[in-house]
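In this document, chain identifiers A, B and C correspond to the written order of the chains, with residue numbering beginning at 1 in each.
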Amino acid sequence: MEWNFWAVMTDFDLLLLGLVNTLKVTALALLFGVPLGLCLAVLRLSGARLVSAAAAFIIEFFRTTPPLVQLFWFFFALPILIDVRMTPFIASIVTFSIQSSAFFAEIFRGGIQSIDQGQWEGGKAIGMTYAQSMRRIVLPQAVKRMIPAFMERSIELLKTTTLVSTVAYTDLMFQANDLAQKTFRPLEVYTVVALMYFALIFALSQLSIAVEHRLAKSGDSTVR
Amino acid sequence: MNAILRIENLHKRFGDLTVLAGIDAAVEAGETVVLLGSSGSGKSTLLRCINFMETPTEGRITLHGRLVGEERGGVMRYRESELCKLRTRIGMVFQHFNLFPHMTVLRNIMEGQVTVLKRGAAEAAAKAREQLARVGLSDKADEYPARLSGGQKQRVAIARALAMDPDMMLFDEVTSALDPELVGEVLKTMRRLTEEGMTMVVVTHELGFAYHVANRVLFLDQGVILEQGEPQQVLKEPATQRMREFLDGHSLFKLPD
Amino acid sequence: MEHTWDFAAILANWRVLWVGLQGTLIVFAATVTLGLGGGLLVGVCRYAKTPLLRLPSMAFVEVFRNTPVLVQIIWFYYAFPILTGIEVNPFLAAVLGISLNTMAFSAEIYRAGIQSIEPGQWEAGRALGMAYQQTLRRIILPVAIKRILPALTNRGIEVFKMSTLASVVAYVETLNQAKLIADLNFNPIESYTAVALIFFAVLYPAVQGTYILERMLRKSE
């Protein structure tokens, strides 16, 4: 056996394209998943028992079923059910937006619940509505505490997006499979791709650790 | 009588626990009323019912001659928007300050003016500085609450409530969480408000404040008003055994001869 | 377009799904045992005084925490045999990928648990004349494990979900079998809904159990 990276290097632009698509899916899933997660958290915390139970069920359902099953369901099953033209890209965005929103919802909930009841009372006493207290007083403080958990979950999301390759979306994993078949060099291709993922995720993890340290130093507590 | 606030037959129950069992009281403009009572007597709950931090189980509250909420089928119904508006007219100061830690002192005092009263930023800032000067903390405008002492925090909280131009102020054991040496500065601020003619309802354990500043004291026991009257009379010549026991419990309080 | 739900084909093929579920359970049992067990070893090594143990275990944790599991499984399936000449079947690839990943994650859980123990406990052990190993085994770990039990059960739940990734290298597990049924009966809606429900039915009680466990442990401290 001899390592030969020539084939990987000549087609490296394919891998870069895959990397861009990986980042694209991650970013879009975050873009939709975070606000959706906030909505779910607010519904779950709402006083209305039925609404709260429904939100809790959605959250638990998407947290306890495997993301790959969800992806297959949205890609293969949903188009039959509601007659939409489903592309691998759309299925991926839909799946990971909803899947990550369930996790973000729990992070939001933890953050909101960690805020002292007195803060709600302080807002209420100056005439704020529930929504105003939430937006102006509670959320700004909660979000700061959530940052580490939020970053950790985003990194998990980035890793999970490798699943989109199974429905033939051209992310980094898919491009790797493609290139490995074309070049008959799976060892080099998969090793390089593993390193690419490692470099990206390791850098993000370090960043997240640095941020957490800074928050810890400024004396702010965080939630997990 | 020129009553700002009238409370009729007020009841508050938490599940099986009855905390207020029929309170009738009125507060006149410019009056400072002190609520006394041992813990569990219902005095804080009564205070919190006045601005609907707690919703009364039964009874009516009238502010400036207008009934709060509407009666439907023998039950009072309250709209959230009405209560929010009411709370802008009744300022409240808490035991644990409840300042917003993510905002500077100035921002804390501007927040309600801007978000709730929709005042412009410049107007709100000017008003905030005015109130800060009133509580003697002009130099702290740009500090964050975490950098202040307990007494300073409480004076900021008072300024925050005053900035809304309330008709009336509620004080809920505002000195109980303070170190003894910081109590004075807060009481002094409150006394000045009384002298300026602010209408105030105060829950406190500071009998000295009640004696020297209050126009009237109400003594609560087991959810009802047991005694009331001018402080000189009620504190010096308590009519009931419960009140005497309560006063004996405050051995530090010496009535001036 | 109106879809009429029809689970008849699923019920007729319950044996196919059952075989898949067995495959899922086998992968889960293997990976959860190796992952959480091996993780303890790595976690203890990561806390060791000698750099000879500490540095490699640190590197191990970083590598396997910071790469996606799917990449690991595929690497073991396609790349590892070329590198070593060792034959790797789908089961082995899945078990290697998921176990090593889980070892790295659980190592961090154990480490956090050990570090959460007050230094006074170590000193008390030493004062009784215990060796480092004895203190760790008899004093530190019993308390630490109680503290990290919720995190470990959460990891276990994650591992169970991860087992579906074995389908990517064509290992026979639940999702793979559902795909088979879907392809043969043209009923992806019912097939994938059935898998989702199966996983939900298994994991929902597990998650609720974790919540109860967390509450109980919080009370006992």
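Basically, contacts are C-beta pairs under 8 Å (C-beta built on N, C-alpha and C of every residue); 3 or more make two chains touch, one makes a residue touch a chain.
Because the structure is predicted, anything quoted here is derived from the model rather than measured.
S.K.: Which of line, ring, star, complete and other names the graph you get from chains that touch?
M.R.: The chain contacts form an open line.
S.K.: Would you indicate which pair of chains has the most C-beta pairs in contact?
M.R.: A-C
S.K.: So which chain ends up in the middle if you average the CA atoms?
M.R.: The most central chain, going by mean C-alpha position, is A.
S.K.: Find the chain most remote from chain B, comparing centres computed as mean CA coordinates.
M.R.: C
S.K.: At what distance in angstrom does the C-alpha mean of chain C lie from that of chain B?
M.R.: 56
S.K.: Can you compute the centre-to-centre distance for chain A and chain B, using the mean CA position of each chain? Integer Å is fine.
M.R.: Distance between chain centres: 46 Å.
S.K.: Roughly how far is chain A from chain C, centre to centre by C-alpha average, rounded to an integer in Å?
M.R.: 20
S.K.: Can you pull out the residues of chain B that are in contact with at least two other chains?
M.R.: Residues of chain B never touch two or more of the other chains.
S.K.: Write out the stretch or stretches of chain B touching chain A in their complex.
M.R.: Chain B residues touching chain A: 51, 53, 80-81, 84-88, 91-92, 94, 96-102, 111-112, 115-117, 146, 160-161, 164.
S.K.: What residues on chain A touch chain B, complex-wise?
M.R.: These residues of chain A touch chain B: 116, 118-119, 121-122, 124-130, 132, 136-137, 140-141, 144, 219.
S.K.: Per the contact definition, I'd like the list of chain C residues that touch chain A in the complex.
M.R.: Touch list, chain C to chain A: 1, 3, 62-63, 65-72, 74-75, 78-79, 82-83, 85, 157, 161-165, 167-168, 175, 178-179, 182, 188-189, 191-193, 195-196, 199-200, 203-204, 206-207.
S.K.: List the residues on chain A that touch chain C in their complex, please.
M.R.: Contacts found on chain A: 1, 60-61, 63-70, 72-73, 76-77, 80-83, 158-160, 162-163, 165-166, 173, 176-177, 180, 186-187, 189-191, 193-194, 197-198, 201-202, 205.
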